[in-house]
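Common to both upcoming complexes is chain A, partnered first by chain B, then by chain C.
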Partner chain A sequence: MGSHEHSHEHSAAQPLATRIQHMTGLNPLKCYQCGKCSAGCPMATETTTRPHDVMRLVARDQLDRLTDADGLWLCLTCETCTSRCPNGCDPARTMDALREILAARTNGKNHNAIRAFHRSFLTQVRNHGRLFEMGLIMSYKLGGGPMFADVTTTPSVLARGKLGLAPHNVKGLEEIRRIFEACAAQEDGA
Partner chain B sequence: MSIGYFPGCSLHGLSREYDESLKAIAPALGLELVEVNDWSCCGASSAHSSSHLLGVALPARNLAQAEDQGIAEVVAPCAACYARLAAARHEIAGDATLAGHINKVLARDFRNSVKVRSILEVMKGALPAIGSKVTHPLKDLKVACYYGCLLVRPVEVTGGYDDPEDPSSMEAVCKAAGATPVKWNRRLDCCGGGLSMSRTGSVVRLGAAILKDAKAAGADAIVVACPMCHSNLDFRQKAMAQRGAWDGEMPILFLTQVVGLAMGLDAKALGLGRHFVRTDSVTTRPAPVAAGEVG
Partner chain C sequence: MARIGVFVCHCGENIGRTVDCAKVAELCGQVPGVVHSVDYKYMCSDPGQQMVKAAIAEKGLTGVVVAACSPHMHEKTFRRATAGGGLNPFLCEMANVREHCSWIHEDRDAATVKAVDITKTIVEKVKRNVPLSTIRIPVTRRALVIGGGIAGIQAALDIADGGREVILVEKDPSIGGHMSQLSETFPTLDCSQCILTPRMVEVYQHPRIKLYSYSEVESVEGYIGNFKVKIRRKARSIDEDKCNGCGACTKTCPNKKIPSEFDCGLGKRTAIYVPFPQAVPNLPTIDRAKCLLFMNRAKGRPDTCKKCAEACSKEAIDFDQVDRFVTEDVGAIVVATGYQLYTIGKDQAKPNIKGYGEYGYGTIPDVIDGLQFERLASASGPTSGKIQRPSDGKEPKRIVFLQCIGSRDPQKGMDYCSKICCMYVAKHTMLYHHKVHDGQATVFYMDIRAAGKGYDEFSRRAIEEEGARYIRGRVSKMWRDGDVIKIQGFDTLAGEPIEMDADMVVLATAMRPQPGIDSLAQKLSVSYDQHGFINEAHPKLRPVETNTAGVYVAGACQAPRDIPDAVAMASATASKVLGLFANEMLEREPTVARVDESSCAGCFHCERVCAYGAVEHKEIKDRAGNVLRVIAYVNPGVCQGCGTCQATCPSKSVELAGFTDEQIWSEIQALGV
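Now for the complex of A and B:
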């Protein structure tokens, strides 16, 4: 298995397929549009950018259309597409790379709730080292999630002893923060 | 056998009964669970959706902790934790450049020596022990074994301990517990995973389809081995009913609870009272046959 040029040793001026290949070591142009990925995709009925559409838009260098499309954000990362691809294209990993590229674009108009959830989740991990579920719920609601969803169910979760009220901080919290910073620095091309 | 234990955040929170039931059955299975020191979050889908390097580094920090403890292999009962730890190990092993970045980010001498096992892989290995410890076989209990996404795929990451399209390890464990697995269609479909909070409607659609298929196949309960599957199928049954997508009550059991019940362990010790859908239909079953009648 050859090592790939990891991370952002590529520029926005390059064709999208080339950028993806630099990030993942996978060649998106190998996709021959059989559609097997989309046939198994659990979210295919909710989006117009199914996995094979995403692969096609990458091949056609249509980053703007991907930015506005919902498919990347609805992806459940269930790996069905990747498991079934007869050509080793790994659509799931390709979509991870695309989300990474698009995360830098602040104008993504779609699916702010899902992006807000990811941000809140990672903030909890960065602050505590572990996910503090109660903190996630609060931070997600304040950070753009639906404010009143689950307000009626939260007490029943508490009654079952399922939600801790105070976060648990890991001892290696400094290390966790250093990992977050080092990853960000590495991906900024340091 | 001593094995490293990575509980993950869910098993200390929303799915603590998974942790409780695994710890309750571990001695009988001959498993000594050695918790990874000061373990931290694997990053789940949020990390790898945002930064590939972070998505590898967060699980790698835990593998490094286990390595420093002298742990040779680690079991992660949560399917998402398992997938992230196993994918990190797999990617680092196959990519020297990435391995270099990870060592730099972790600022440790990390050798990537720890093997990652799923709960199914471990339970499959313990089948003889399970069979010998069953005192209350779950006779006549029809179960739908639900694998979901990440327990058996992609096969490059799992190492192929089970078939990614036609797995059988969960059915084998349930059979050893005396239950009868039903044949059904949606055991590998995704439950909606991490979208439970941010897009509940999708989780309702996907979960209700799974519940209806299990019911149509005659299942008395669905068996899972993932905290997110459990939450989306158990906790979200109420939301499914409110939205008119589902009108039944299907108990959702962790595989560890199934094995514990078959060993005669107390429902409370197995955390069955923490579920949202009542499990009485499973726990208040006819008393086991007298010893003399056992085959």
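Now for the complex of A and C:
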């Protein structure tokens, strides 16, 4: 590895590709950089870190650069990349695994707003079993999202009854909670 | 009393690093019957072989054990050395202390003990070895070549020029194969038909080549030097002796709208047809699935149209012809059945092969494959060489080539590189630019694999001098919008998405073996890989032999091949065949099974388990000719010495020479278990 390359994390001695393979069961090194994933990616014009760039950075063990990049957080998980991939690399699942790894990291650019949105979304699902839009907006904006963005649209959305003021919980909230607990336990174990 | 010599090889460090060879020699020297035991750095070297020869004479050895590598490597070497020392070569055996010991162990002491054990077992075996002599079987010095493409043509000509008779079988009405469809060939851009048709004519005129066109191999029996091949001569509905090839019949046929196979569906042919003007033989064939008379007959209706027969002045049309069978005796078989192109449609012949839904499963008009482009570019093609798109005949100004369609795409079922596409796409862009001066060719590729003499220069020329635009990246999606084809791709070198309009798209689709290759391979008892390509006997050292002795392979039925490769392979098979035919008799290893006629009960368990069809029925008769018993007989020409019959025989009446029950049992006993 050239001296100009970023060193990978000291806490994780294993190469990133190996870690991903443990998490997904798929070998990211199968990627031969054909670019078919990025050719179909709807976010390819929005970011400079497209699916094939992500696969390349994984192969080169560049976790720091992945941390700085916004592509992982702009991913819509539409999984077009995965369905197009000729090699069965599953870039969508790989990016999932990377988000899991990066969620624990604090260094580098944090992309706080996007991460705050992800956290807020999951908090709503955990608390109500489904999305409670008003709760999402509140916790997103208080949790690090842009405070005043899109505020002007609120009255018209309210007027059309698109934004409920009270949450509607699903039946079986207890099961939802257990799913979250099981996932958390798995992450701790991993 | 046995006098065995043991020769322990260090194989440099290969064995010596893990096994204490001197100790092995010392301990083996204490085994009863061993009178000479030494170790040496390289036993296979000339001095090493001299040690074996000298010891045979000096110590009066009755058997030789070489503790070294696998018998696959140097058994022949040491058996020759043994023969050179004056002993029967089959009194020499290898004890494999490399692949079976030193290479797979790390503990030196334990490996040394194991090496001694392995050598001791072979010492016990050699004590029971008996002199054997090679089997000599007669050779029928004629060859069968299956497939009349360029590979089959080359193999047939080379064998025939070498003085031996050749039977050439081609399933289509004419020989020539895919090469006859090509316009110009890379990297020299010489006209394909101009270089091929002289060879086709040469085949037809050659006194030692018998051509069976429109014929297929029905069954194969026998073994190297002695094959019996049954050939189905499909009913052409033409009396070949009467037809003079005038072509009057094809002009009069009313059914003129049948997609031509030769023009890949871009042109039309009649129901009675000659596939292309230079066809060899120049004989028409009636396509019974499309002929009005035969379609009526299939529905039980009376014959109506007989226009071709009426037009024929030679009365050569024979509507009642049936498939005929001929049997030919040959000594060697060359398989040269070639390839077909993968198609991107939803329906595939095999469950593991998938189509390209993202490219419309082949339903978008003006998306064609490479062979179709060859026909468009060919002066003899349906457009007389004008580049016109199939849908409306317009000249495409924006043409896009996609490489690796199916190839290198494990998700579609083919993980291999088709090898020829990089080159023919470069050629296609040149042919296009030569014909459409205001057009632009764009190529989406993953890698350019142009390894061959003049190949990289050729593909660079397409880019640097002829203006082809190469974009590195696979196309994600392709759809039709009005009369343009929308392409969504990515330029991985520039790092940006690309959306592009095209008037026509050419897909460089994967090469696959011909349909039916598996059933042919089974008839010939040759193995094939998961894609259906015939396996060579050894990827480096026996590239044109198969695992069945006497059956050889040439061209694209073995792996994707271009013309120079196919021709080189074909000439290589001819050299192998002529080598086999150099002698009237063929020598084979004597390690074959033999049946004890006095104890065989004729249960034929052996026949059922034999993978090579070597077990025959033999009648034991009294002097009056009455059959007393029917017992098994192992044909030594077919037997491969696998020993399955010996293990199966309930009455222990089959023994494999060199591997008798007694020998194997003594090996086990030597281990003290």
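The working rule: the second predicted complex is superposed on the first by the 175 of 190 C-alpha atoms of A that agree within 3 Å, B and C clash if a C-alpha of one lies under 4 Å from a C-alpha of the other, contacts with A are read in each partner's own complex, and residues count from 1 in each chain.
Just so it is clear, contacts are C-beta pairs under 8 Å (C-beta built on N, C-alpha and C of every residue); 3 or more make two chains touch, one makes a residue touch a chain.
These numbers come from a predicted model, not from an experiment.
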**Study point:** Partner chain(s) touched by A:His52 [first = chain B, second = chain C, both, neither]
**Key:** second
Practice item. Check the residue A:Leu131 against both partner chains and state whether it touches chain B (first), chain C (second), both, or neither. Key: first
Practice item. Quick one: classify A:Val170 as touching chain B (first), chain C (second), both or neither. Key: first
Check your understanding: When the two structures are laid over each other on chain A, which of chain B and chain C touches more residues of chain A?
Key -> B
Practice item. Using the superposition on chain A described above, determine whether A:Gln33 touches chain B (first), chain C (second), both, or neither. Key: second
Check your understanding: In the superposed arrangement, which partner chain does A:Asn87 touch: chain B (first), chain C (second), both, or neither?
Key -> second
Revision key, fill the gap. Both chain B and chain C touch chain A at residues 80
Check your understanding: Which of the residues in chain B end up touching chain A in this complex?
Key -> 9-10, 12-16, 38-41, 43-55, 57-58, 61, 65, 83, 94-98, 101, 104-107, 148-150, 153-155, 164-165, 188-190, 192-195, 197-200, 202, 205-206, 235, 238-239, 273-276
Point to revise | Residues of chain C defined as touching chain A within the complex | key: 358, 404, 408-412, 446, 472-477, 488-492, 495, 497-498
Exercise for review: Can you check the complex and tell me which residues of chain A touch chain C?
Suggested key: 32-41, 44-45, 48, 50, 52-53, 80, 84-88
Point to revise | chain A - residues contacting chain B, complex | key: 1, 3-7, 23-25, 42-43, 46, 74, 76-80, 82-83, 96-97, 99-100, 103, 113-114, 116-118, 121-122, 124-125, 129-131, 133, 137, 140, 145, 149-150, 153, 156-157, 160-164, 168, 170-172, 175-176, 178-180, 182-184, 186-187
